[in-house]
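Both complexes shown next keep chain A, but they swap its partner, so chain B is in the first and chain C is in the second.
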Partner chain A sequence: MHLGGWLEDRLRWRAADAFLRHKAVPIVRHGYVYYFGGITLFLFVVQVVTGLLLLMYYKPTAEAAHDSIRFITSKVQFGWLVRSVHSWAANLMVFWVFAHMFGAFFVGAYRRPREVTWISGTLLLFITMTFGFTGYLLPWNTLAYFATKVGTEIVGAVPLVGHGLLVLLRGGEDVTEATLNRFFGIHVAILPLLTTMLLGFHLFLVQLHGMSRPESRGPARSVAFVPNFVLREALIWVIGLGVLATLAVLLPWPVGERADPLAPAPAGIRPEWYFVFMFQTLKLIPPHVLGIEGERLGILAFMLAALVLLAVPLLEHDDRKTRARRIALALGIFAVLYMAGMTIVGYLVP
Partner chain B sequence: MRIFARLALVGLAVGAVWFAHARPIPAAPAPAATPAAPSPARPFDSCVDCHRNLGGRLAAPALRIADDIHVKRGFSCAACHGGDPRAAGLEAMDPKKGFVGKPKPAQLPTLCGNCHSKPEVMRRFNPNIPTDEVARFFTSVHGQKLLKGDTRVATCTSCHGVHPILAVSDSKSPVFPTNVPATCARCHADAQYMKPYGIATTQYAEYQASVHGEALLKRGSKQAPTCNDCHGNHGAAPPGVTSVANVCAQCHGSQRDLFVRSPHKAAYEAAGLPQCTVCHSNHKIVQPSDAMVGAAAPAVCAQCHAEGSKGAASARAIRTALEDLKTSMASAADVVARAENAGMDMTDAKLPLSDAQTQLILARNLVHSLSLREVQSAATEGVGLSQRAADFGRAALAEIAFRRRGLIFALAVLVILALGLYLKIRAMPGPSASS
Partner chain C sequence: MAKSPRITRRSFADYLLGTGLVALAGTVLYPLARYLIPPKVKEVAAGSVVAAKVGDLQPNSGKVFLFGSKPAILIHTGQGTYKAFTAVWCACHDGHYDTISGQVLAGPPPRPLAEFGVTVKGNDIVVTRTA
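Right after this comes the complex of A and B.
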């Protein structure tokens, strides 16, 4: 028995092969959005590989964390490349997760039967942001330390459970080594486990239902998933790898100064760019609105927005161009403009 | 009737002041009785109550007296002026009740000393306050001249003010550190007033332009020395030529230690030169620079050491050692900055660079020893540290170049791969109708 037959007997891989050979991807207007998910997946793979390499040298203690990152970037062979690629890929991944989410939203890919695909994707978006939040602290540098302090303080303002959440996140009342340990555990164990399960489920659903075909004019056309779509995706991944390498070499991610919890917070502390729109919003809300503390109101609004995002398929499910669809599109455009605008304001206004 | 009563009161007060002025200046101040212990609450004080309503010069002391440190501690006008503040009328100023009126300048040291020279009195208010001010005053140039009958010199109230006398720690006090230069300048910058003494009146202007003046007056740094830190306060006198270094050593101890073991010490003493101020000036002490060292002007060494002399050669060699170290540090800093700007972690390079800076400070300080060997030793060590920092910087720049070459190679491979994929995609059949 040759190897193929031996494997077929045990793995039934020809069924998967047949499935992929018959799988087709629709050709539609704005079809490029189909590649956003693939780019995100590529960046996630890069994160897993570089993250595992960093794990071999990183030491999650307040005393050693910063030195271990410096050791990686200055002494470990190609450590600088691994670390820089990990940091850049993390930021690009957040960007492409958002792009993928908005792309799927605007082509209406959340409608029946893909509601659960949307919900799993939205949860992956939240997980990706948590990845970014927890990973940012790990180098234990000044900016990360104080940004985490501010970030967790914002969590502490969540109504009713805020203080409990703050203590849970920080592992105490303040940002200390306990916080670093906690964030490390969340970053390298809990989130990867959740992501792997949720991503597997998300990809399974994508295969189960196929690519969404939005309302479009003209006859329905498609290309084969293998090899046409896969080759196009591969081309994008190759370009992505080139961009990542260029960024990592020409703009190596800085290590920063070691965090000193006793030092005053430096001026202009702000969170990572993907949280700036929220941070800026909270800054602009008056201290009290209708008798409610402004910050709490802002956090409630963002929590509500997250719930609405999860519930999009339940709120707008008609395939025809209804009023609800138009409102959803308008809200989506507003959300993109608001996030981009607030992020820009956050960087321009001191 | 009220106007007549007021006029009578004014007349009596003026008379009392005139009487006080008319008293002869004692050859040596006679001790006066210590005032009674202050009463915690003063329900009635006829001095303040009457003088407040007199207007003009006579009202001024009463209007501002509440801020006086002595009044705040429970003393009344009578503590200095005598009399009975409990008496409601002019009898409060009855000489029989101890009223002395306005003390004459010559009487002030003794008057103030009634309390301030007595530890048993002063410890009730501040156990740590010195009680030798009056004794020191009479050792000062001011005090000596006063003893000789010169009443134009400064006495207690000339510097501390009067009505109110504020605590020294009060920023409005004329003797608060930042106010001292202007207080001294009231007399010492007045050319007309100082004419009889034949001393310069440029000290204040020079101090303002000095590094100390800038620190104190512009930056408000109370650590910076003011007039009394070098001249003394109550015992104010110019430091003698042999004690200048000790005065400066209150802050610049290391420099003094180096100076006293240098060949300059004996040479200056022999020539009657005032140590530190020969090179650094006295009131106009500017930020020292390496240009002060060398064989030609503006180097201060050239004031005494003629070109071609052994001293000039030594000065030139010291300057060269300093300049070599600075050049080496600047070169290293440039390399390190270029590597850092390119995103390299230069912490390892910054440590030796920082140590080199320390060596430069040390070498500059060692100039006070006038020992070429010691200066060169410190500078050479600094040059070595700079070169170590530069080596880190050069290695980082080489690493950047290596990374960029690697990137070009990697991108070339990726471009070929992408091109291959692109051509393959182009060659594949186009879309088909969906089922």
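Right after this comes the complex of A and C.
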């Protein structure tokens, strides 16, 4: 029997082959948003590979963590490159997850039958941010130490369950080696497991429903997924790899000073850029609004925003130009402007 | 003159793409492979360690200690002197060694044990690499 027949009997691969041959990507205005998810996927693959490599030398203890990063960047061959690529790809991935989310939002790709795809994608966005938050502490440097202290304090201000969450996250009342151990476990085991399952589900749904076609005038045109779209996406991945390597080499991610819990918090401390809009909002809210503590109010508002984001396809599900659609678009534009504005303010105001 | 085989634009483009991909794969895989090679970790700096304190060991007894990352044994001989060897009984091949000279007493090992230099400095028994 031929190899093709032998494999067909066992794997039924011809069905997948036929499926890919028929898969098509719509040609529409703003068609570039169809590439955003692929870029995010590429960066995730980079994170998995470089993350596994870093695990070969990283030591998750307060005593050894910072030295082991220094060891990687100074003693291990190409260790500086692997570490720098991991840091840069992490930041780029957060950026492209947001870009992918807003892209899907503005073309209305969350509507029936893609509601569950949207929800799984939003959960992946939250997971990505948790990846960033936990990974940031692992080099155990001064900035990371205090950013984690402030970040977990904010979690501690969540009404009712805040203090419990804080203790659960920190592995105690303070940021200590217990926190480092927890963040390490979350970062290298729990989140990768969740991501793999959710991402598999997300990609499966994308294949199941095909690419969404936004409402548009004119004839429905599309381009074949194989080979046209795949080749274009591959070109973007190669460019992405080039950008990543250039950034990692020319602007190596700093290792920082080893965390010293006795030292005062460094001046002008702020979290990673993708948390700055929330951090800045909490700083600007007055201490008391309508008898409620300002910080709590801000946290409640962001939790509500996260829920609204998850529920977008349930709140706005009509394809026609309805009032709900206009409100959704206005809210989306407001969200982009607010996040961008607050991030800029956060960096300009000391 | 024989006509040379015609190279189509398509096959030329395929060739460029193929070699480009191979080169790309090489530039990605080379650093990753080099990364996995463990860097040389420094051996014991001065080539000597403090194996024990005087009085820790009774005559005719021994103590296993770490010389760098490898185990070695310190023996207090009946005559009151100290000896240090890389091992004293090799379980893998049931080799037995003489604890005074390091010579092979029984079993398959082809060479005697490597002997360390032992000096007593104050209260410390210092073992040094001799060779």
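Note that the second predicted complex is superposed on the first by the 349 of 350 C-alpha atoms of A that agree within 3 Å, B and C clash if a C-alpha of one lies under 4 Å from a C-alpha of the other, contacts with A are read in each partner's own complex, and residues count from 1 in each chain.
Heads up, the rule we're going with is that a contact is a pair of C-beta atoms (placed from the backbone, for glycine too) under 8 Å apart; a residue touches a chain by one contact, two chains touch by 3 or more.
Everything numeric in this text was worked out from a predicted model, so none of it was measured.
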Partner chain in contact with A:70 - chain B first, chain C second, else both or neither: first
Partner chain in contact with A:238 - chain B first, chain C second, else both or neither: both
Touched partner set for A:311, first chain B, second chain C, both or neither: neither
Chain A: partner with more touched residues, chain B or chain C: B
First (chain B), second (chain C), both or neither touched by A:79: second
Which of chain B and chain C A:56 touches, first, second, both or neither: second
First (chain B), second (chain C), both or neither touched by A:26: first
Doubly contacted residues of chain A, that is, touched by chain B and again by chain C: 81, 238, 241
Residues on chain A engaged by chain C in the complex (per definition of touch): 49, 53, 56, 71, 75-79, 81-82, 238, 241
Interface residues, chain A side, partner chain B - complex: 24, 26-27, 70, 73-74, 80-81, 213, 219-223, 227-228, 231-232, 234-235, 238-239, 241-242, 245-246, 249-252, 254-255
Residues of chain B that touch chain A when the two form their complex: 343-345, 347-348, 403-404, 406-407, 410-411, 414-415, 417-418, 421-422, 424-425, 428, 430-435
Of all residues in chain C, those that touch chain A in their complex: 24, 28, 31-32, 34-37, 39
